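Each of the next two complexes has subunit A plus one more chain, namely subunit B in the first and subunit C in the second.
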Partner chain A sequence: MTLALVRRGIVYLLLSIAAFVSIFPFYWMVVGASNTSADIIRGKTSLGSALLTNATAFFTQVDAVRIFWNSGVIAVVATVLTLAISSLAGYGFEMFRSRVRERIFGFLLLLLSVPFAAMMVPLFVMFSQAKLVNTFAAVILPTVASIFIIFYFRQTTKAFPTELRDAAKIDGLKEWQIFLFVYLPVMRSTYAAATIIVFMANWNNYLWPLVVLQTAENKTITLILSGLTAAYTPDYGLILFGTVLATLPTILIFFLLQRRFVEGMLGAVK
Partner chain B sequence: MTRLSMGWKRATAVALASVSLFSVAAASASAGEISVWVWDKAFNGDTMREAGAIYTAAHPETTFNVDDTASQDDIRAKLQTQLLAGSTEGLPDIVLIQDDIAQKYLQSFPGAFEPLSDSIDMSVFAPYKVAAATHDGKSYSVPFDSGVTGLFYRSDYLEEAGFKAADLENITWDRLVEIGTEVKAKTGKQLLDLDLNDTGVIRMMMQSAGDWYFNADGSLHITDNAALKKALETYAKFYQADLVKPVSGWAEYTGAFTGGEVAVVPVGVWITATIKANADQSGKWGVAPIPRLDMEGSVNASNQGGSSWFLLSSSDNKEEAIDFFKTVWAGDKDFYQDILIKRGAVGSLLSAREGDAYKASDEFFGGAPVWQNFSTWLGQIPSVDYGTFTAEVDSAVQAQLPTIIQGGDIDAALQAINDQATQQMQ
Partner chain C sequence: MAQARLARREHITGWAFIAPALILLGLFMIYPIVWSLWMSFQVGKGMNLSFGGFANIVRLTKDPVFLRALGNTFTFFIFQVPIMIVLALLFAVALNDATLKFRGFFRTAIFLPCATSLIAYSTVFKSMFAIDGVVNQTLMALHIIGGPISWLGDPFWAKVLIIMAITWRWTGYNMIFYLAALQNIDRSIYEAARIDGVPAWARFWYITIPMLKPVILFTTVISTIGTLQLFDEVANLTAGTGGPSDSTLTLSLYIYNLTFKFMPSFGYSATVSWVIVVLVGILSFLQFLVARDRKPS
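Showing the complex of A and B:
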């Protein structure tokens, strides 16, 4: 009995430490947004009274509406396109048999190990020749065929009951109709989970937008936040206020899709 | 069936929406608009805006577009990717580059930058600034801010320990260690704060002796570099005398001296704004010349950081840009007074020191003519060739610092730095 209690105590202690480690930076960010830069540097961890000052400074220095619009358009369009293309690919890889299927898939997984920085220069040359530098399309296109999401969809499609597809075929549905009206509704948890993953990745995307977006009016929030830290005397209050704002959309999406996200990660098919 | 047609409508809408993404075309700089990339809104951004406004007032057909939304690292990443890709589309006309990396760009991307020494008289600028951007006999930059160093100190702490301003004039680093030991004994304050991931102090010591990591031919100058050896020994002395408050990262570094935890800060003049931001410390600070190394050839003047303006060869507005450099940056003394007062920017135009702002005294620093002092030291900074691999050698030096401060053998450390840097430079 006591042994079980001790064991449980240890478990909770470890969990508390882990929870603290993951929650504290978040707490500090929120609290920092209400403190002056000088207080933040001194390590103050309680709420301050500079929230309005920071907000005013942020909104005068940053064209917030435009920047969030840019980030939003890029993240939403990229998410829709990525889900459409990568889920089709995942579906195809699992449903259609072919002799070279596993080899192509293996090759795709191999490509996952190529760091993005290595592809940056050739990619830039491509987009420069296509006259797409400094457009949102240049930010979005390289991300839509996401190997990880293809892999994720293929794995979850393994749990998709093939009887459904067979039945639909007998009812006379074409392959694209099966995908749209049978597969898609059944897999909605997987789509929800993938939405969160892809939206976050695009919202936080940094290196490629940095290189390919050039004028200030096309930049995304991550680029602007990075720029704010560059000053010789950075205003940490302002930066943390911007960081809090930048975090909100991802949090919102996560809470909206939270239940389905958990289902999707468990691979549930209903 | 209706569901199907709905689906198609939606799909078409999405397709149309994505097409419109392609047409957010590159807003290329219009004729007569000079675009500039900088990285600090309040400092180099507003300074360049003001310079642009002065020029536009006299030449209304030329306007300026100063973009300060990227950090310095971001600018480097963009510039490097594009120059490597051979695409100049969307690059600005003028870009700000830090001096210690200028040679890397000039040598790695020949032809990317416009030589300026043919059309602008470089002798009006501090010689060490011009040397930093001179390659194959041509100078490619218009010097902007100087990183002339000073020894910022808390006059109240030093007074408590019985030292006056004159005691810090013309001293060596070894003498500073002695002073620091006494200050610590009397006030309990550490002498200075150091970050083991930052070689700034070591580099300024080395440059005060007119030396750097490289020989004239670009080869490594490490194992036989007496100035570097002396600098590392001095660095170790701070730790052995237990005078260092160790910090990590920029926020902690500035926090230690703005929070009154250390007695001195050896640093570039650009830190002035950070120090003066704490108005309650007015009158408690002073600035002395930077100490020198205890060796032949070392002077009480050095440099840390600082940057210069470069004109890209791909610019469509080269003539206007050069004329702008000539009239404002190489000629307008009043402009330099203004940016000193408003932004604490110490420019590199030597004649600027004759202006009123440079002669004024500053109550924050106990009424001393700090700007006049800085500009005097500015003219004394030894020129060095920053080479192309400073960043690589820096990281090799950083790797040895933990051993060095624990009393490790300096010659062995120099050998290790040499080995690691050789490997990185291949």
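Showing the complex of A and C:
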């Protein structure tokens, strides 16, 4: 009995440590936004009075409206296009099976393991030849047909009731109408989950935007933050204030849609 | 006849649904991959490239910076992936116990790091691990270390910091996969084992692990790909240098530097990127082999 109690106690202790370690950086980020840079690197863990100074410094150094607008436009446009293109493909692969298309699908899954670094250089050369460097199109286009999201939609389409499609066909609906008016409404929770994954990935994307976005006024908040951090003596008060702002949208999505968030991540392994 | 026409139309519609994705993938993925394979046999600076055969591969073996980056990437992989997978498994098993209190809180807390961007959290970590920063002070107050550790200035501790940072960000992510898989295991198997007097560790080792094998394989392959491509965190924590003295330089960071920082040598950087492709292939294959061998018959 006592052994079981001790064991239970250890489990609680370890989980509490893990929870503390997981949450502390969030607390640190928020508290840091109110402290001076000197206090932050001295490890001050209580709220300070420099919040306004940090905010003013951030908004004078960074054209925040513009930068968040850039991040927002890129993330929203990329998300809408990715969902459209990739869900069409997922539906197509699952509903219209043929040997050739199965082969193609298998080949695409294989491509999933090719790291982005292997495409980066040719992609950059392609976009510079097309004079598209430093445009949002260059950031968005390579991300739109996502093999992972196609795979995700194909997996979840397996659960889509085929009777619905058959009934709609008897009613004389064309395939694109079935997709738009039957499939899409039925699968809205799949779309919601995919929206979260894709939005987060685009909002947080770093390497490719770093390569193609070159002038300050086109940069995303992720690029700006990393630029500020790379300074010889970074102003951590200002940076942590910006980090809070940049993390806010994703944390909000996380708490509002926690269930969907988890579903979205799991959809692919079911 | 009508049947055949219907089948034919189905066939065409099938292609129509996947065509936009295939065109985009062909243009922005397959074409660049093939091109980069071709590029990896080219030598020269900037766009002045000529065919060099295996010159780039020979250069790889003599390039100390590349060998360093390869070693570092491997070090991150060897230490980080197992630590994270084991932690995620332990947390998942602990949280799968229905009698545990505050399960929801623990789960949300451990999963929360996934909601941050790689750049945001590495910035936060950089400020926490400053020489007089909160981590050193806490460790000194707890008498774990005598003097402050130079996390970003010491080649060994910089690697430790990066391993800790990635583990912080991704453990909860993997845990969620295990939690979902655990919920699919029939409880009666555990009950039967318990009644037969099988101790807890043996239930974990002989029931949980084999049942979770496919998910563990999936997360290990995903983590391998992620770690071998490591870029954001290292770039941000070390201001893009992979310092101190290349001790945290990863293959991806080296590729970026070869392409955009130094005299651009596209051919050579393409060769380095194919090293990652080959490594991912070999390691994934090995993981499949290991998972297959231990499968209970």
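Assume the second predicted complex is superposed on the first by the 234 of 270 C-alpha atoms of A that agree within 3 Å, B and C clash if a C-alpha of one lies under 4 Å from a C-alpha of the other, contacts with A are read in each partner's own complex, and residues count from 1 in each chain.
Methods note: a residue touches a chain if its C-beta (ideal position, glycine included) is under 8 Å from a C-beta of that chain, and two chains touch if they have at least 3 such contacts.
Please read these numbers as outputs of a predicted model, since none were measured by experiment.
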Side-by-side fit of subunit B and subunit C on subunit A, or clash: clash
Partner touching more residues of subunit A, whether subunit B or subunit C: C
Partner chain(s) touched by A:F254 [first = subunit B, second = subunit C, both, neither]: second
Which of subunit B and subunit C A:G48 touches, first, second, both or neither: neither
Contacts of A:G72 with subunit B and subunit C, given as first, second, both or neither: neither
Which superposed partner A:F124 touches (first subunit B, second subunit C, both, neither): both
Partner chain(s) touched by A:V80 [first = subunit B, second = subunit C, both, neither]: first
Partner chain(s) touched by A:S22 [first = subunit B, second = subunit C, both, neither]: second
Of the stretches 112-120, 400-408 or 418-426 belonging to subunit B, the one that collides with subunit C: 418-426
Intersection of the subunit A residues that touch subunit B with those that touch subunit C: 40-43, 120-122, 124-125, 207, 210-211, 226, 229-230, 234, 236
Touch list for subunit A against partner subunit C, complex: 11, 14-15, 18-19, 21-23, 25-26, 28-29, 32, 40-45, 85-86, 88-89, 91-93, 95-98, 101, 104, 108, 111, 113-126, 141-142, 144-145, 147, 150, 175, 179, 200, 203-204, 206-207, 210-211, 222, 225-226, 229-230, 234, 236, 239-240, 243, 246-247, 250-251, 253-254, 258, 262, 265-266, 269
Subunit C - residues contacting subunit A, complex: 10-11, 13-18, 20-22, 24-25, 28-33, 35-36, 39, 47, 87, 90-91, 94-95, 97, 100, 105-106, 108-128, 130-138, 168, 172-173, 176-177, 180-181, 215, 218, 221, 225, 228-229, 231-232, 235-236, 239-240, 251-252, 255-256, 259-260, 266, 269-270, 272-274, 276-277, 280-281, 284
Subunit B partner contacts - residues on subunit A that touch it in the complex: 38, 40-43, 61, 73, 77, 80-81, 120-122, 124-125, 128, 131-137, 140, 180-181, 207, 210-211, 214-219, 223-224, 226-227, 229-234, 236
Contact footprint of subunit A on subunit B as seen in their complex: 3, 7, 14, 17-18, 21-27, 39-43, 67-74, 77-78, 81-82, 84-87, 89-91, 250-252, 254-255, 258-259, 270-271, 273-274, 277-278
